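Next up: some structures, all given as structure tokens.
What follows is a pair of complexes built around chain A, which joins chain B in one and chain C in the other.
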Partner chain A sequence: MVSPILFIVVPLAAAFLTVLVNRNAGARILALLTGFALSALAWFWFRADLSTPVSVVIAGIAPPMGIQLSMDRLSAALALLISVSGFLVILYSQSYLKSEEAQSKHYAVLLLLMAASFGILLTRDLFNLFVFYEILCISSYILVASEETKASFEASLKYLLLGSVGSLFMLVAIGLAYRVSGSLAMSDIAQALGEADLSYVMLTAALFVLGMGIEAAIFPVNTWLPDAHSTAPSSISAVLSGFVIELALIVLLRISMTVFSSVNLMLPLRYMALAGILIGELAAFGQTELKRTLAYSSMGQVGLMLFALTLGTEAGRQAGMAHLVMHTGAKSILFLIAGYFIVRTGKRDIKSYSGLGRRMPLTGVFFVIGALSLVGVPPLFGFFTKFKILSAAAVSGATGAWLGIAVILLGTVLEASYLFRVVRTLYSDPETGNTRAVKGRMEMDVPALIAVFGFTLLVIFGSFLLPLIPSGLAL
Partner chain B sequence: MRKLIGILLIGGFAFYLITVGMGLFSAESRSELDSVGSEILATSPDLSGAANTVTAVVVQYRGFDTLGEVTVLFASALGVSMLAMAIRDGLLQDLFDDDGGFVLQAGSLALLPFIVLVGIYIVLHGHLSPGGGFPGGVIIATAVFVVILTSKTLSIPRGLINVLETLAGLGFLAIGFVGLYSPAQSFLANILPKGEFGSLLSAGFIPVIYAIVAIKVASELINIISKLTAAGSASREAAE
Partner chain C sequence: MNTFLLLIFPLAGFLIAALFSAFSKKGLVVGKTFAFLGFSAIVLVAIMAKSEIGSIIYGPMMFGWQLQFGLTAISWYFALMISGISWLTVVFSLGALREGGTYPMYYAWLFAKNLGMLGVILSQDILAFFIMWEFMSWTTYFLLQQGTKKARSTAMGYLIYAIIASMILFAGIIFLHQASGSFGFSEIASTVAGFDMRTLILAAVLLLAPMLIESAAYPLHRWMAPAYSSAETGITAFLSAISTRIGLYGVAIFLFTVLGFTAMKKLSAGHYFNLQVVIMTIGAFTMVVPTFTALFQHDAKKLMAWHSVGQGGYMLVGLATATSLGVAGGLFHIFTYLTYVTLILFCIAAVEYRTGTTNLNSLGGLIKKQPIAYVGLLFGIIGLAGIPPMNGFVSKWLIYRSLILGGHPFLALAAFIGTLGTILSVYKLIHNIFLGQLPERYNDVKEVGFFMQLPIWILMLVVLGTGVFPGLILGWVAKIQVSLGVEPLAVTLSGVQASAGQLNMNVVSSVFGATMLVAFIIFLIGGRRRIVGQYNNYAAGHFLDKTVKYNFNYNFYSAYEHIFGKRFLNPPVKRGEEGLVALVERASDFARRIYTGGLNTYLAYSLGAVILMVVILKGAI
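== the complex of A and B ==
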């Protein structure tokens, strides 16, 4: 029997083992094999019949006393997304990470991050969710700081402070929920909170949403994101922007819609989403560094997904999920390539990249495709997802839907202008000659090229996946 | 950023005061008998065989959370050892620069076996009395820390400790797998014989898991200490 528990145990075991491997090559191969095994496992579950979710209990003790995990269609699809993009990022890291560094610990923490991601996706126990959330946060802090520059330490510390406050909020919310339900299983808590006093549920829900919302980078608590995602190594930026914030967002929404279903969280979340789009895109427009631009753009894109998912209609949820998959592909491409721009030129600001598109032809093409899809140019995946979001908003009749459409269109214009500015720089004549000064091969190394090519395939052919993307946010 | 955290903290505290002071947001609490606690108290002796119910909850009912907590510690230790080398400003210099003198050095070495013995006792009796793998592991690490504080001559077999740490982690997972592929078909199922209730050899896999947790906790903490010592001596050399 292939148990869903393997999603958590396999990367954990690999992480424990990786620390022991002293040679970089060994650690790299172990991480790569783990990524591949997880992808195969996720493919098995994605193809499996999950019309009724498959549940497993830990230690043979059923809830409410024990812990239960559950694999449904949404979890299987997200698990596939996480494991495949994790695998591609590990592949990219083979050539991206500096060879003189000790890489085994880096891969170990990355595998822990993946284990925790699967954990928060599968668990149906609120305290177990908290434990995996902590692992996710701690491994993110470490990875953000792992370049050991002053800026990355500062970003990591900022992230750590906000994240710790967030975990405390979550812990208090879990305590409040346990007080009325006497159980930690999500389904029991949902039932008990349904009968509880409305103001009590509101308090619990607000604490939970703010706590979890920090990891999901929802508008008022996303101030850590630009620093953390821009100073982390680019492989890690791709992971954090590619699936970690999206995953937290989905888990947050699933719990809001099931456990806290007696209060209407959708309306406030929708306005928070719109504020996130506006602020993220406006701030991205004003940046001069490529990675900071991309980080702020992630802030806006999360708002876009949150807006679609909180419209309250089936079409809205489908559009939001599809956009999530698209964003994983597109943002990973852009961050992974930005990493090589920095490696090749040693500079972070966009204007130093003039002419790079000609010196790195393949890389340049991939970058343009990623950028076009993010903006939403047909026939790429991003066009279909954005179009679906707009049409879902137009027919939803939800409060603020038309305001949302206006904000999304404005955001798209801003997005197009700052991304095309980057593209134009890439293909302009190098003025100062700073790229000519770099000797040697400019194109990305082969593993990195293959990884970026994988994400590019997703972005080009993603629209064929649309019918396969599930949208049911049930427990 | 600093303002935001300040506002969050002050806001939270004000909210707490209002809630407590005015009795707002009160909700019917489940009675003691209605919650999961009473079920656990009733089933624990049969299900786990552990005389200490807290241990039964930590290792068996919520053993998966404990695996997670061990991982949290593992991640933190990894983070410290990755980042400790970046400490260059002599932050730890004072701590490790002092030579404690002969009395303290000899005394700490004489204490070492006894502290380790207490640690092992606490680990092995985790299913009978308060204690267990986490505090026991910390006590064992403390024994080494005391020696390091008084003298800088102690050489730590780092390779051996790394191997122990990995084996402990894999051992925890292996016990989980034994449960998964046993007739119980459940990860971390307690399938070992329960023994006589209240005796040292009882409670099935609980003492085994606690021993594994203790090895992992102790080796991780010793690792952190040795990394910080190395960083301390590196910063001392840099200062010289």
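== the complex of A and C ==
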């Protein structure tokens, strides 16, 4: 039996090794191999029989003192998503980061981020969750700043300060939970909080949810996101928008449903989700920079997932999970391509991309497919997930479900209009004033094309994965 | 099997044509041949599929429901029209399409659009309907983009309307599925029958509003004329002829099959106000306002595109009467309009092919240069104006008669006013293109080649043939009426033999022909005529010699435009649309301002959110 701890050990070891190697070529290959190994590992766990979760105890010290990791179907599926999209992003970076000087640092931090992601997913005690959360945040701060421009430093600093606020909230919440339970294992805390005073639980829950919610980018604590996701290198934007916020969202949901089950967190979260959809999509509609547009769109999409996950029904959770997988694929496509638009034109605003679709034909097609899936056009994956969310909402009978349907449909109209405004620019005639308006093709480099193609396959054929997507959020 | 092929052929055509154009930049001849063969096959399959009416084929499972496709009487009627017009468009494009320009994705999107439309009409459950509907909307968007530079922004306008329509329909489907637990038309219909008034209104709005947007009914029509007129002219013809009518198909299906016609009457407040009146009023506005907007257009394609909006009103009113005559008129008008609008736009395209413009201010005098296009256009506008012996007369006669007999004098008046506007504007069309003096720059203009002439000839034959023998088509329309649950029209080959009215087109045409003949004889023996050249000028006493060109075309109807133009060219609907856009932009600006970029505000949000959450949690107990 392969131990789930390998998910944390392998990328962590690879990260240190990468720093030791300190050669660009070596780091690239090492990162690629690690990504592949993790994907293989995740595939093994995804195929394994996980009807009863597999738990391991680290260093032979039993909980509540020791560290407990647990692998269930949900974790296995998410681990597969994280490792495969991490692998594809590393593949993309092979060519995207070509001109970068300190590549080994970049890959090392990326691997660290992946290790932390797996950690958050697998751990079953709150304090370890906090530690992995901190590693995740710190590596995100570094990656956001890695372009070393003024804007990226500013974005990273904002992210850091708000992330620290989030950590503080979480730490206080964990402290409050520990006070009543005397344990850090989630199951013990859940039991203790179930018997505690409701007001006390409410404060704890609110602090925890909004602390974790900062990383999960739920409205209104998603304020760091537009700057961070738009100024980060595009490979990192794809990672951050593709699985980091989603991962935080799932863990947040799992803990609110299990640990804080005595208070009804679903209702406020549902309304926050709806506000997030509306505000995110509206703000995205008014943007002129492609990556900022995509960042705001991610906020709307997080709202969509959160809405589905908080409906409180099995169908809703499954729809939310499916949408999460779809969003990873679609948003990664769009961010990765946006990166190459910036590389090719040297500019960030949409209007300087005129005519690029003709000169990057394959890239253009991938972009359109990604956008179509995000809008939810049949027969792409996005249609299935959106349909599932809406029909789950309709049958759930939850408060605000029909309002949610209306908001989601309105958001879709906005989303289609701003994404296809971009598509229109891509296929319009190139402006004569375009600085690098040279003739000929300027398609993405082959590794990047393959990576984007991988995500494209996901959004085209994702609907066949629907039966495999788990919905249980139990511990 | 043929029903299945009706979906598979366009799909295969789309994939092959798209791949082909991706890898080959210079394969115009191959592309044209492939498209011709492909669409010929689709037409053949559509004709042969007649024997399969009533049988169902099952598509893939989706959301625990097996998608159903199949032919009914009305969908076979539409399938023939779709495939026939596509075939004619392709034949026309064999001559009209040149290297570069709108090629290479032209045929690929035409195949895809066919798939979408055929898919919609073949759908036998609401889920399949919605999926194919979305597919159709998106392929229309991509097809529209293939046109001129302007097309990209007008296609965007279409897309936004289409997405809004799709999303309303989406809500409708979610709602009906939740209520009935099924996607099947009949299950939903039986659930709807038990709805109370408010639910029924909701269901009717959610189902019919998207259909009315797609069929460009007033006041949801503003996307259509700009979008269609900036497409490639062959595509303008194709889209004007059939694309929007899929919305009417939807109206027919939802009104008669899903909602049930009794629902329409049930949805009433007081004696005079019910759903039927609402739809008819929408139809009346659609007949009048866009038609007069067409009058003031200075571009031939735009003029016709506005007529496509306006004529949709006749069809909508006809369907909404729900009487034997009216429904037959509405359904038949879909066919007749399809034939003559395609004819007219092909003739305009033939002129555009040679002169490079469709601007009515600068054309003129082409009658001797392009006589076939002239005769084609003449046939077409006679049909459009609803004058015998063309088929347009029959469909309009049915609609007028149903309105008068049904006790709708105001609607009949609106229909007549609409026809008046139609006649005025088609006169402008033929005059400004073909009559008057030929500008010198068009001295070398020639008639177009065989492939562009062939569809014009075929359509002239159809417009006249189905005018003299309307029973050819009306026979099938009566069968559709049976399947929709409306009393069928008593039809003969030459016209209508119903108790509500009798029409023998053979007699009408003979009388019409004989009168023309007598007039011609009087004209011949009258002797008071002088044959003058095209450049002979007469200007009310002013002496003009041959060197002075006297152009009547420029700003035709400028006096009308001066008086009425503002109302139609800057209508309240336009201002409403602009207001809505401004509202969204302001909301977007507000949303953007939430993210001030200042850390102080962000910290305040975080703390505020914790407090708010505790308050909500407390309040929820």
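Miscellaneous remarks
Simple rule for what comes next: the second predicted complex is superposed on the first by the 466 of 475 C-alpha atoms of A that agree within 3 Å, B and C clash if a C-alpha of one lies under 4 Å from a C-alpha of the other, contacts with A are read in each partner's own complex, and residues count from 1 in each chain.
Keep in mind that, in the parts below, a residue touches a chain if its C-beta (ideal position, glycine included) is under 8 Å from a C-beta of that chain, and two chains touch if they have at least 3 such contacts.
Since we're looking at a predicted model, the values are computed, not measured.
For the composite obtained by superposing both complexes on chain A, the positions of chain B and chain C are in clash.
With both structures placed on the common chain, the touch criterion links A:Ile333 to neither chain B nor chain C. When the two structures are aligned on the shared chain, A:Ile350 is found in touch with neither chain B nor chain C.
Touch criterion not met for A:Met114: it reaches neither chain B nor chain C. In the superposition on chain A, A:Leu304 makes contact with neither chain B nor chain C.
In the overlay built on the shared chain, the residue A:Ile214 is in contact with chain C alone; chain B does not reach it.
Judged by the touch definition given at the top, the superposed model places A:Ala27 against neither chain B nor chain C. By the touch criterion defined above, A:Pro268 reaches chain C but does not reach chain B. In the superposition on chain A, A:Val422 makes contact with neither chain B nor chain C. Residue contacts after overlaying the shared chain place A:Leu162 against chain B and chain C alike. Looking at chain A, you'll find residues 158, 161-162, 165, 169, 199, 203, 223 touch chain B in one structure and chain C in the other. For chain A in complex with chain B, the touching residues are 1, 3, 5, 9, 12-13, 15-17, 19-20, 56-61, 64-67, 105-106, 108-109, 112, 115-116, 119, 127-128, 131-132, 134-135, 138-139, 141-142, 145-146, 148, 153, 158, 161-162, 165, 169, 179-184, 192, 196-197, 199-200, 203, 223. Those residues of chain C lying in contact with chain A across their complex are 22, 62-63, 131, 134-135, 138, 141, 145, 149, 152-153, 155-156, 159-160, 163-164, 167-168, 170-171, 174-175, 177-178, 584-585, 587-592, 594-595, 597, 599, 601-603, 605-606, 608-610, 612-614, 616-618, 620-621.
Within the complex formed with chain C, the residues of chain A that make contact are 158, 161-162, 165-166, 169, 198-199, 202-203, 205-207, 209-210, 213-214, 220-221, 223-224, 226-227, 263-265, 267-268, 271-272, 278-280, 282-283, 285-287, 361, 372, 375, 377-379, 383-384, 387-388, 390-391, 393-395, 405-406, 409-410, 412-414, 416-417, 420-421, 424, 427-429. Looking at the complex, you find that chain B touches chain A at residues 1, 4-5, 8-9, 12, 19, 24-30, 34-37, 39-40, 43, 47, 60-65, 67-69, 71-72, 74-76, 78-79, 81-83, 86, 162-163, 165-166, 169-170, 173, 176-177, 179-180, 184-190.
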